[in-house]
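In order of appearance the chains are A, B and C, and numbering begins at 1 in each one.
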Amino acid sequence: MDRGVSDEPLLVVSGLSRRFGGVVALDGVDLSVRAGEVLGIIGPNGSGKSTLVNCISGFVRPTGGSVRFRGRAITHLAPHRVAALGLTRTFQTLRPFHRLPAYQNLVVPLSSPRVRRLEGGRGRGHRGERDAQAIDILEELGFERDSRVPYQVASQLPTGHLKRLELARCIALRPQVILCDEIFSGLSPSEIASLVPLLGKLTEQGIALVMIEHRLRALFQVAGRVMALDRGRKIVEGGPRAVVEHPAVREAYLGLEEVPS
Amino acid sequence: MEGPRRRERIERGIKVRSDSVYALSSLEDLCYLAAPRVLLVAGLLLMPLFLAPLPYWNRVALSACVLAFLALSFDFLANHAGLLCLGGAFLYGVGAYAAALLNAELGLPVALSIPLGTVLGALFCTLAILPCLSLRGIYFALVTLMYPLLMSRLIEATGALGGTEGFRGIDGFGSRWVEEYALIGVLLAATFGLRRFVTEPAGLVIQAVKDDDQAVRAAGISVTWCRTKAVFVASLSGCFAGAYYVHMYQSVGVSAFALDLSILPIAAVVIGGPGTLLGAVLGSLLLVPLGELLRDFGSLRIAAYALILTVVVVLRSEGLLPFFARKYHQLERWTEV
Amino acid sequence: MEVLIYGSVQSASLFIMACGFSLVYGITRLPNFAHGALYVFSGYAAWVFLQRLGLPYPLAALLALAAAAALGVAIYQLVLRRIRGMEMSEVIATYAVGLVILEGLRWAGVRGTTHSLPVFADGNVTVLGVPIDYQRIAIVVVALALLGLLSAFTHFSRAGRALRAVAQDERAAMMLGIDPDRTATVAVALGSVLAGAGALVLLPLGSIVVQEGYKVLIYAIAVCVVGGLGSWTGTVLASLVLGFAQYVTAFYGKAHYQMVVMLAAIVLTLLVRPSGFLGRQKELEERV
């Protein structure tokens, strides 16, 4: 699924580290992604996957290492500035704007300085314009235009819809990189099946995806390259099959030294 | 045989019919939609005429309108922006002193001192509250509670700005009708303006900050800047109240930072219906006359406001406006389960 | 030398005022804005028992403390229990309840110098060359006693340990069979008793006026915020720092400025280090 790959890496993370008191959550992690590429990140619980996303997106300050996005150092930038540059993320614990209807959830990113800038600063988009844009994006994500669903208050939507809403919020920002934090978790197989082609469309547009996942089968449908973390360190990186069959990864997940026959 | 029954609420037929754009073609539907708003606007506009023969109550009604601005600012900040400001008196007092100084010291006419006092006061308040914006809910509430106390104690201690007594020599409005209708006009504009603002993209973002500020940051928007905008808007409303007031009573003193002015807006909003903005106005129009009836009882007035407030908060009531809106839009009936 | 002695007295007073508030918040995370009201109420109750009913002082004192505890529990059961967890409502509700009590008392006539409580013992003594009255010495003694008692209670007794458990992690405590509701009731009752004890010891220095209630609330909040909500060491240290700051202000400047100092301390602390200088809650850490 790595169509539209170009040469320069969009996102380069070098030696990223983060300590919380005595706990080392991240220990010198490197990664890089190019436009249109999908990088999967796997690892057992506590391996530092979420911390990695938080550090890259600016929600947590790393204690060491650097993050460069499109050649620019963003290591200590505030989260809203990182997002404004085009690096967005989803949240593992879904965070919709629960009082607002689904489509108004999208009006928020659509009103951000980044989108206004990308539209050429043609005046501040007023209510009707933003509403229409929001409905369009929701339709791309499978929210039927003529149904009540886009108008339903977010707190009343089921998980599957909320996951897609989370992704929609990222897309509305016209990002170049999306960090997906366990986006397949809690979805049924059919919901995953409808999400996969959508992710493919995003990569075709040149958007790079970094996907933290536990649902390995689903991940392998999308990711061209996979990286495994254990206790804050990268242990293996490579093609999906190769990584999953690597003994170090098996040991990390299962604590076994030998592959059981 | 009667089976188990339950109460059901369904929308009235006319509400469902008038919900769509076809309402424009039916006079009946238009009347249904417009009636509450027309009632409110007409009521406020006719109020000075009705109360003309009762000057005391006329004054009370005007006070209620002035305080409605404070209630609006509290409602907007607390229920739309998620900032619990327990020191409404701070906004009021700053606006009051700003307008008073512009008028009495710099000699600006009333038509200038009120708007300028409002804007300059709002700038001052926003700057003062700015450092507190990163604080979590309860801490923000604490600091804002302290601000009016700090101001009044400072003024008393230093004797500046006339000290405890304050100063006089502030112009009035000249014409009674101007005084009343300018106030009501601005109140209607502010109320409906704010209601409109919260549905505009900028207002939606402010509401989103209340729901989830981290998600707003992830959407590339600076939460601090949003909150600053919200505080500025609320300060405009609060400072206007103070600025108008000093010209109505032609004096200003430390009482502009009094406790009443912090507690009354909260009570008005909670009773009128939190988050509706109109409820804030309604609550003020109810509580201020009520307070006047208790004027003879001195500090019992504050106790009464606080008691009503407590009861309403504890009972987690929805507020008067949502209650009436529900009755208007829905009917209840018993149905078989 | 005078500064040392009287500064200590002021610090002790602050500690006494603050410990009730700190205890309740530390255990239940409930900011009891009715603290000042409980303080004045206890003083008034003691006065009523003493002057109106003519009871002997020890009995009147005990009854006043009991009345304070009862009122605290009533506030919790009737008001706070229903809105626990809704932070903004808790603040508004306790603040409003405090107002009801205080303004109600003001309307009932608690103003001016008409009411006052007697001191423990009349007379002066000279300590380190500084004349000081027995009441002020009593204040320091009481403060130290309270500190000792509270430390011992929370560290060594079973109920105290339960309170600490709830303070650390309410859910885990529940799973161990500790009822957070009962714990909260006990905590509020204790906090009220502490407020009452404070009233009995501090009010004799002046008279029972409703203004004292607001003053005590602000001072208690100041001490707890500066020291860090939920930290005993912080409360003690903050009492010392602010107590001396207050005394020095009154000594060299105007007494009016004492309140300004406290308010400014609250504002400054919240701006610079919101969790207090020794606070254990790092609530500004990103909770993603």
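Things worth noting here:
The rule is simple: contacts are C-beta pairs under 8 Å (C-beta built on N, C-alpha and C of every residue); 3 or more make two chains touch, one makes a residue touch a chain.
Predicted model only: the values in this text are computed from it and were never measured.
Overall, the chain located most centrally, as judged by its C-alpha mean against the mean of all protein C-alpha atoms, is B. In this assembly, the chain whose C-alpha centre lies farthest from chain C is A. Centre-to-centre separation of chain A and chain B, using mean CA positions: 42 Å.
With centres defined as mean CA coordinates, chain C is found 49 Å away from chain A. We define each chain's centre as the mean of its Cα atoms; on that basis chain B and chain C are separated by 33 Å.
Residue positions 286, 288 of chain C are each in touch with at least two other chains. Touching two or more other chains at once are residues 59, 91 of chain A. Contact with two or more other chains is made by residues 214 of chain B.
Of all residues in chain C, only 31, 78-79, 82-83, 87-89, 91-93, 95-97, 99-100, 102-104, 106-107, 210, 218, 221, 225, 254, 256-257, 259-260, 263-264, 266-267, 270-271, 274, 283-284, 286, 288 touch chain B in the complex they form.
If you check the complex, the residues on chain A that touch chain B are 57, 59, 78-81, 83-84, 88-89, 91, 95-100, 104-105, 107-115, 124-127, 130, 169-170, 172-173. Those residues of chain B that touch chain A in the shared complex are 199-202, 204-205, 207-208, 210-212, 214-223.
Against chain C, the residues of chain B that register as touching in their complex are 78, 84, 86, 131-132, 134-139, 141-143, 145-147, 149-150, 153-154, 156-157, 214, 259, 263, 266-267, 270, 297-303, 305-307, 309-310, 313-314, 316.
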